[in-house]
């Protein structure tokens, strides 16, 4: 945790990428971490089955905001099914090691919101198999 | 008991510091009151000390190191309990004791589901804790209370079960009677109750400590038990509930740690099990209860049952000669049908006097109505003395009971 | 602090084993989260061990020696609590924690006394545990919820108190705010509430641990507190209620030990406090809570208050230089008006990140909404970091907090 | 407790004095010890302000029954006001020492019932002062 707050984390915290609102998103979800009050909303535009644009908004700690910011960079061009399958490791890879167990929920909040957006949307589709 | 088995019990008994302490009269402590509360192994006591000396902190919201450890150990204890009873971790709600668990269901599930004209089915063996909450629910809702009868040996009479179940919304019954040791025919009760559309709450206060239990196999809807009766500390117990039932039930206590979002005017709540756990939990005791369950798993619940079965058989055999001198033993005499509980009276010696005299020999038994007053009235017993066994009891303990009975007979000139 | 005072605190701190254990990073543990839960002195931990190793037994009904001792020590603990808060022993009801105590009153007293058109008066500072139970009571009864407002420093605005009290049946308010430390003007609230015909429940979760309290002097009708926040173990707390109120209230939990007579169809109940204590009590923790209160009495509650007042003043002084670098301190700055709680934020560093960095220095502070979400919303704070003090905290602890803040400022480039 | 169960205690237990029912008692009360089920009823006939006849009935342990039996012997001829002032020591004097704290309630049950009968009756009287 000592060295968790590296420059690139603080940079994402203070200058989050893809931050803001999409006027007409195809897919979106929002959640909060009731224990600390961190809040994140994720919006996607889907073009030809793949994520075209992505925006997040919210407030919270450096960990939740930086992780969400980095996540938005990762998912561009992915299919919703790919997003639904994203693992925690993807986030940990982005943010680097050294997250303490108590802060894991913060780091994963963006991922949880994004996946629930994708899965919710997928569930709404007619079953393809 | 074989020599190896006897050795094993002695090794277990050595884990319980209290059993090594003589009474004020210099007698060996012969603890035969585990149905009231069990003694605690060193590991459980040490878990409390470790918690308070090493990582005491409030849980779930703390960012710092000891808070993280406290949260992890507390939730790990829940996982242990879930595994011990074959449940999902989300189905394990921490409560103070069995009594709170049953009251919680009677209020939360009961108020939401019981209406005038419905019936609540209990048995004639119930402990006050599994009787009085339902009396009050019946009063509140207008539902009718019914009872599965027992015969003079305390064995269930199931002849009219289907009529009793007609219109019944919930059956609540003790897995094991604390007064007579009778084991509930759970398969029959659960399957027929479910067929009749009733849910089943099993009061496992004397079940979980003494019998192997598996929620998937038992298929009951609620199961309740107390840590203090199964090597754990006082102040912690568990309400098991099937997940869909817990989800549908309204929360009961409101406050910190069970909420999702609070505004001045209204609030939304967490998912089970947290939605039933308001305020600072009994963190230390939950963790220590987990350690108690570790201990029982290491000993092995099938072994516990077998040990108590053998000890009960031995006790019945050793007590038999006293019957010629006025000893009355209540309940079924068949160790297959009962758990390690024997209720008795000696001639005209009142149970309290008997217990007092046994106490002078270091022998601890309970005397009274055992929180089953209606059963006592039905049977016509003013009070009984009760010996109950657990993992640490030996044949020597039963022998000590017999020495005490001899003394009581002598004092009362029997 | 004078040298003698400093010595005294060091001697006290030496009674708390956890404070002697370095963190995994080898730092001294600087525990500044006592508002969440306090640490425990050796004597309290030893009381638990003594109970389990020497006289663990179920109480009230046992005839034998260890049961007699357990009963005596358990009831002696109740006497200690009664003396500590200036109450009669029959007015001290054991519960799990403050949250349970408030819920008990909201259900038992609330259901019996609240009707549509009545009002419940809270304050804007309440902890979820003294807010959500009343929200639900309001829903059940149709009563209206009202709030005594606070200003931007968290100080009560009492201008409209009489209007707010009009039609009000109960006032429930925290003796001390856990988020801002604000001390309730209890005299005013109690006398004007009583004049308006309302009863007063004081949430003493942060009161009893930090201020001298005397029920006769305060004259409130209910007072609730938790053992774990005042050197006692987790899992035990107290509901104080004036005797006539407790007598008039219907019992709440039903089961063993709170009954007078039980028949299959209905039951009658004990007098207070026992009528509210169903099932096996948290015996060990009640006894240990008694020992915690012994400890506080030996230290002296006036000293505790004075010590925290001085430490808060010292902390405010030491924190002041950080204000130029973006430190915001919330709440009243006057140590006379607050108990030992300081909420703050450092520039754009989120409270969770701040707490994480402080943790690397061994400094434990809480970060978040402190179970006062509506207050946070009103004030427009997403989260705050909170340092809270108790008997064992020293000026060196405040200095360590400042070292941690320096580090956070450095890491975040402030 | 060892030697509590002396012969005279057992004698009172097995052959309680003044045991039975009074057809038309002037004063009576009944109570039970909810924790052990012991039950005692006390009945008094009052002649010229003093206890003429006394009867007790009930069931319970040797301690409660013997103590009640001995108590009935003690109170004959007493005024109700004297009964109301009877102390625990009177009972302890009768039954002898060595009662353990857990059994004290048993020993005092008869006294409690008797006093509540007397006090109840006294309370019913017009205030004399």
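Labels for the chains are A, B, C and D, by order of writing; each one numbers its residues from 1.
Everything below uses one rule, namely that contacts are C-beta pairs under 8 Å (C-beta built on N, C-alpha and C of every residue); 3 or more make two chains touch, one makes a residue touch a chain.
Not measured: the values here are computed from a predicted model.
The interface with the greater count of contacting C-beta pairs, when B-D is set against A-B, is B-D. Comparing mean CA positions across the assembly, the chain most remote from subunit D is A.
Centre-to-centre separation between subunit A and subunit D, using Cα means, comes to 78 Å. Between subunit B and subunit D, the centres computed from C-alpha atoms are 38 Å apart.
A separation of 47 Å divides the Cα centre of subunit A from that of subunit B. Per-chain Cα centroids separate subunit B from subunit C by 32 Å.
In subunit B, the residues that touch at least two other chains are 61-65, 67, 259, 261, 352, 356, 359, 367-368, 373. Among the residues of subunit D, those in touch with two or more other chains are 35-36, 100, 102-103.
Of all the residues in subunit A, the ones that touch subunit C in their complex are 1-2, 4-5, 10, 14, 35-38, 59-63, 100, 102-103, 106. Those residues of subunit C that touch subunit D in the shared complex are 60-65, 67-68, 71-72, 259-261, 270.
Considering their complex, residues 17-18, 21, 23-24, 29, 33, 36-37, 39-40, 44-45, 48-49, 52-58, 61-67, 96-100, 102-103, 124, 127-133, 135-136, 145, 147, 226, 228, 233-236, 252-257, 259, 261-267, 278-285, 352, 355-356, 358-359, 363-368, 371, 373-374, 377 of subunit B touch subunit C. Residue ranges of subunit C in contact with subunit A, taken from their complex: 25, 348-353, 356-357, 359-360, 367-369, 373, 376, 382-383, 411-413. Considering their complex, residues 32, 34-36, 100-103 of subunit D touch subunit C.
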